[in-house]
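In the two complexes below, chain A is the common chain; its partner is chain B in one and chain C in the other.
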Partner chain A sequence: MIKKISMNAIQSLWLPFALVAAWWVFSANSEDPFFPPLSVIWDQFVFLWVFDNVPIHVVPSLINLFSGFSIGVLIGLVGGVIIGTNQGLARYIEPSVDFIRSIPPVATVPIFIMIFGLSYEMRVAAIAFSAIFPTMLAVIQGMHSNNPTLLDTAKVFRLTPFQTLVRVRIPAAGPIIFSGIQVSLQVAFVVTIASELLGSGFGIGAFTLIATDTFMITDAWTGVILMGTLGFLVNVIFNLVERRVLRWYLASKKLS
Partner chain B sequence: MSTGKVIVSAESVVMDYQTPTGIKHVLSDISFSLLEGEFASIVGPSGVGKTTLLRLLTGLMKPTSGVIRINGQEVNSPPPGLAVVLQDYTRSLMPWLTVEKNISLPLKRLGLSKTEIAETIELVLTEVGLSGNQKNYPWQLSGGMQQRVAIARAIAVRPQLLIMDEPFASVDAQTRFDLEDLVLKVRDDFKITTAMVTHDIDEAVYLSDKVVVLYGSPANVKEIVKVDLPYPRNQVASRGREEFAELRTKIYAQVRGLQ
Partner chain C sequence: MLGFMLLWQLGTSFGPLSGGSLPSAVSAVSTLGELFVLPEIWVAIGQTLFIALVGLLISVVLGIPAGVLVGLSPFAFRSLKPVLDFFKVIPPIVIIPIVILVFGPTTEMGIFLVVFANFFMLVFQSAYGVRDLDSVLLDTLKCYGMTKWEEIWYARIPGALPFIAVGVRIAVASSMIVAVVAGLIGGAPSLGQQMLLYQSSGQPNQTFAIVIIFGVLGLVLARIYAQIQRKIVFWTN
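Moving on to the complex of A and B:
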């Protein structure tokens, strides 16, 4: 068991470690102001982010991320179910959905600035908007791919359409829906950073931008590393949740 | 093995499909009936329309003309008191639910109390030989066991009519014999009227009181063969009887169009 875990750890971590080690070594004597030695970056990282500036910058970003993400996913779920179960409605709405979701989310931020000004609402709205579509499209696809045997069984047992939807169709689409939600999370993270690049004093993106503008390059590097780390952690947590909820799906796949 | 009351009847049922290339006539003038407690198998060549007939019996489809009645009522949509066991148990049992949640799903509509539901689950699981498996998930069980759960789920609602669509086609031969005997036992204990579609003629003869042979394009009822083998039936003794061989040969010849 311990052997298996350490084998796993070695397999997944050797490359990051190797890259970081290489970076450390090759930058050790760097005099380039834009590429300080990794050791210097690391010292500054610890100084800034462990843990003094966390409440000032990290917490606002995360709050925005989770608010916007939750709102967006909720709209995506409800909208997706409505469109996915309603063929007539889908015909009128789906083409527009396809069009809107093709717009790169970061590019929509200026539009939200126009509507909401440079405010907290603007950021949450932009994040929420970007999070809607990956989830919505996954839900629609999930509703379409329900297998007929399951639905026949539900019909013969005389479940009402609502019961069939909630107890059969949505759980059956669980795997697809979760993969859509994961994409929503990733997009929301990107837009969180992007939304802070204008008119916000606080937030990881804001911090990194201001550091770059004021030539505090080492600080900017720490911001970038922080973004990567946080994005990774958020995804890890998501995967843990997914693994718990979709236990049935993952286990049954292992057997087939 | 029957009280004589007609539970299911098909009266001159015709089924046509619209296809891009024109109308396909699948079933024509299908008439038969099942009495209470009877076990009927429906056999015929591949593609003749057996599953179509089953879908009509369950109310999942409406006939083009003719009438299907269950308990005297015309069937236009799935009627109450019906239960199904389908061939593909991986797709009819809900994989995200435990065995007990799977069985309790159709029970919810019956307004039973929580204790009654738990007792029913225990009863049917014991009947199919899976007592104690309430908290397991379907994918943790073997194929034969999953089909037993499907059977347990079907009998839990005490259906008027049990419909089975090639229920044992997806399990291995040994398991198939066990499941056939389970069906006989369930039938003995619960006296449920049953209609089963199968490709396996031996199985049809072994389990049934009568065998409905479908044949032709469009299909009609070529013959309804009465199976008079005595009860209780037994894999070794019953299958070894002369009548068994005669019946299966006769039915097989009809399905193959040789008679």
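Moving on to the complex of A and C:
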């Protein structure tokens, strides 16, 4: 058993290590100004990000990300439930939603800059706006695909419409809703970075942009690596939360 | 849709947003009409579509065969999965600063970003599709004495097509998005760059009109691909 697990671990981990090692070795004597040796990038990374600049650049980015994301998802959930339970309303609203969601989220950032200027509110508003739609559409879709037997059963048990909604329809749509929230999170992350790249003094995106503009190439690499790692970690945390909330669903899938 | 436009107009003329820099619906739409006679808008639309489509084509041509190969070998799939998982969730926007340094604000930079955005997802999707085959079907093939090649050609690849089709649908949408981002943030010649120009020179109507063009382009591309998909994986509906 233990042997099997460690075999699996080796099989799934050797390549990432090998890739990093290859990068380290092949870049060791690099003279190319755009691709400094990984050892140099690493030293600079430790110098910059453990942990001197974290409160200045990383913390504001993360606060923006989470406040925007939470506001957007909340609006998306409420809006989705209202539209999802109301067939007539859905027909009027869906074309507009369809249109707005076809706009690349990053392209809305200049609009928010026009309205709010380069402020904290602009960032949170842009992040929240882009996080609304994936969640909202997933809620609508999830509630439309509710199993009819489930709804009939709820009727037989004489649940009130409100009880049916909260206890049956929304939980049954949970897996779809969660995949929508995950897309919201990824979009929110992109917009967070974009709102910083398009002009501001702080934030990881802004730091990296300034480094690029001033040809501090090693600094720019550390920024890129930091942003990539954060993007990855945010997803990992989300998956852990999802597994906890949806454990009834995962367990039922295992049984069947 | 009309109601939404009305709400927008009322909101900007009388509501809380009036007097701000947000243009009203009427002025944005009339500016849209003015923009459509400008040649540079059509050039920018063409450049954006060029970046999106060439990038899409390269990532499809490279990503799907690579994914099929990876999916055929359990060892390769298990080894590559963490790498694919990692790159799949990393948005291309984070590598823009480095990519600008290497390519400069060019069309090639945009195409590279589009390929980076789609490649790993397509590899994953095709590899997963090739592996996800009904075991009864596999046993049946064995009973008929099919060779490995016949199994791949007649069962595994057709079986993977629905997964690949989903991957390509995501890729179509993200190619357009990344082409816009490449212009807006990376400065590649495209509609995104045009938009930034309007925004930074304080022309809110034009900026807004371009956002509307983005929405229309995204919708049109999604519709076109839905038609193509219905022809290729006709048995799924």
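To be clear about the criterion, the second predicted complex is superposed on the first by the 245 of 256 C-alpha atoms of A that agree within 3 Å, B and C clash if a C-alpha of one lies under 4 Å from a C-alpha of the other, contacts with A are read in each partner's own complex, and residues count from 1 in each chain.
Here, a residue touches a chain if its C-beta (ideal position, glycine included) is under 8 Å from a C-beta of that chain, and two chains touch if they have at least 3 such contacts.
What you are looking at is a predicted structure, and each value in this text was computed from that prediction instead of being measured.
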**Asked** Taking chain A as the common reference for superposition, should the pair chain B and chain C be classed as clashing or as fitting?
**Response** fit
**Message:** Going by the contact rule set out at the top, does A:193 touch chain B (first), chain C (second), both, or neither?
**Reply:** second
**Prompt:** Counting only touches as set out at the top, which of chain B and chain C does A:252 meet: first, second, both, neither?
**Reply:** first
**Prompt:** Does the superposition put A:161 against chain B (first), chain C (second), both, or neither?
**Reply:** neither
**Message:** For A:55, using the defined touch cut-off, is the partner it touches chain B, chain C, both, or neither? Pick first, second, both or neither.
**Reply:** neither
**Prompt:** Given the touch rule stated above, what does A:13 touch, chain B (first), chain C (second), both, or neither?
**Reply:** second
**Item:** Partner, of chain C and chain B, that touches more residues belonging to chain A
**Value:** C
**Request:** Classify the contacts of A:171 with the two partner chains as first (chain B alone), second (chain C alone), both, or neither.
**Result:** first
**Message:** Just checking: does A:152 make contact with chain B only, chain C only, both, or neither of them? Give me first, second, both or neither.
**Reply:** first
**Request:** Once the two structures sit on chain A together, report how near the CA atoms of chain B get to those of chain C, whole Å.
**Result:** 21
**Fill in**
Per the touch rule above, chain A residues touching chain C in the complex are 8, 11-16, 19, 34, 92-93, 95-96, 98-100, 102-111, 113-115, 186, 189-190, 193-194, 197-198, 208-209, 211-212, 217, 220-221, 223-224, 227-228, 231-232, 235
**Item:** Contact set on chain B toward chain A in their complex
**Value:** 58-60, 78, 80, 82-84, 86, 88, 91-92, 94-96, 105-106, 109, 137-140, 157, 163
**Item:** chain A residues touching chain B - in the complex, by the definition given at the top
**Value:** 147, 149-150, 152-153, 155-159, 167-168, 171-172, 174, 248-249, 251-252, 255
**Item:** Of all residues in chain C, those that touch chain A in their complex
**Value:** 1, 3-4, 17, 20-22, 75, 78-83, 86, 89-91, 93-98, 100-102, 176-177, 180-181, 184-185, 192, 195-196, 199, 204, 207-208, 210-211, 214-219, 222
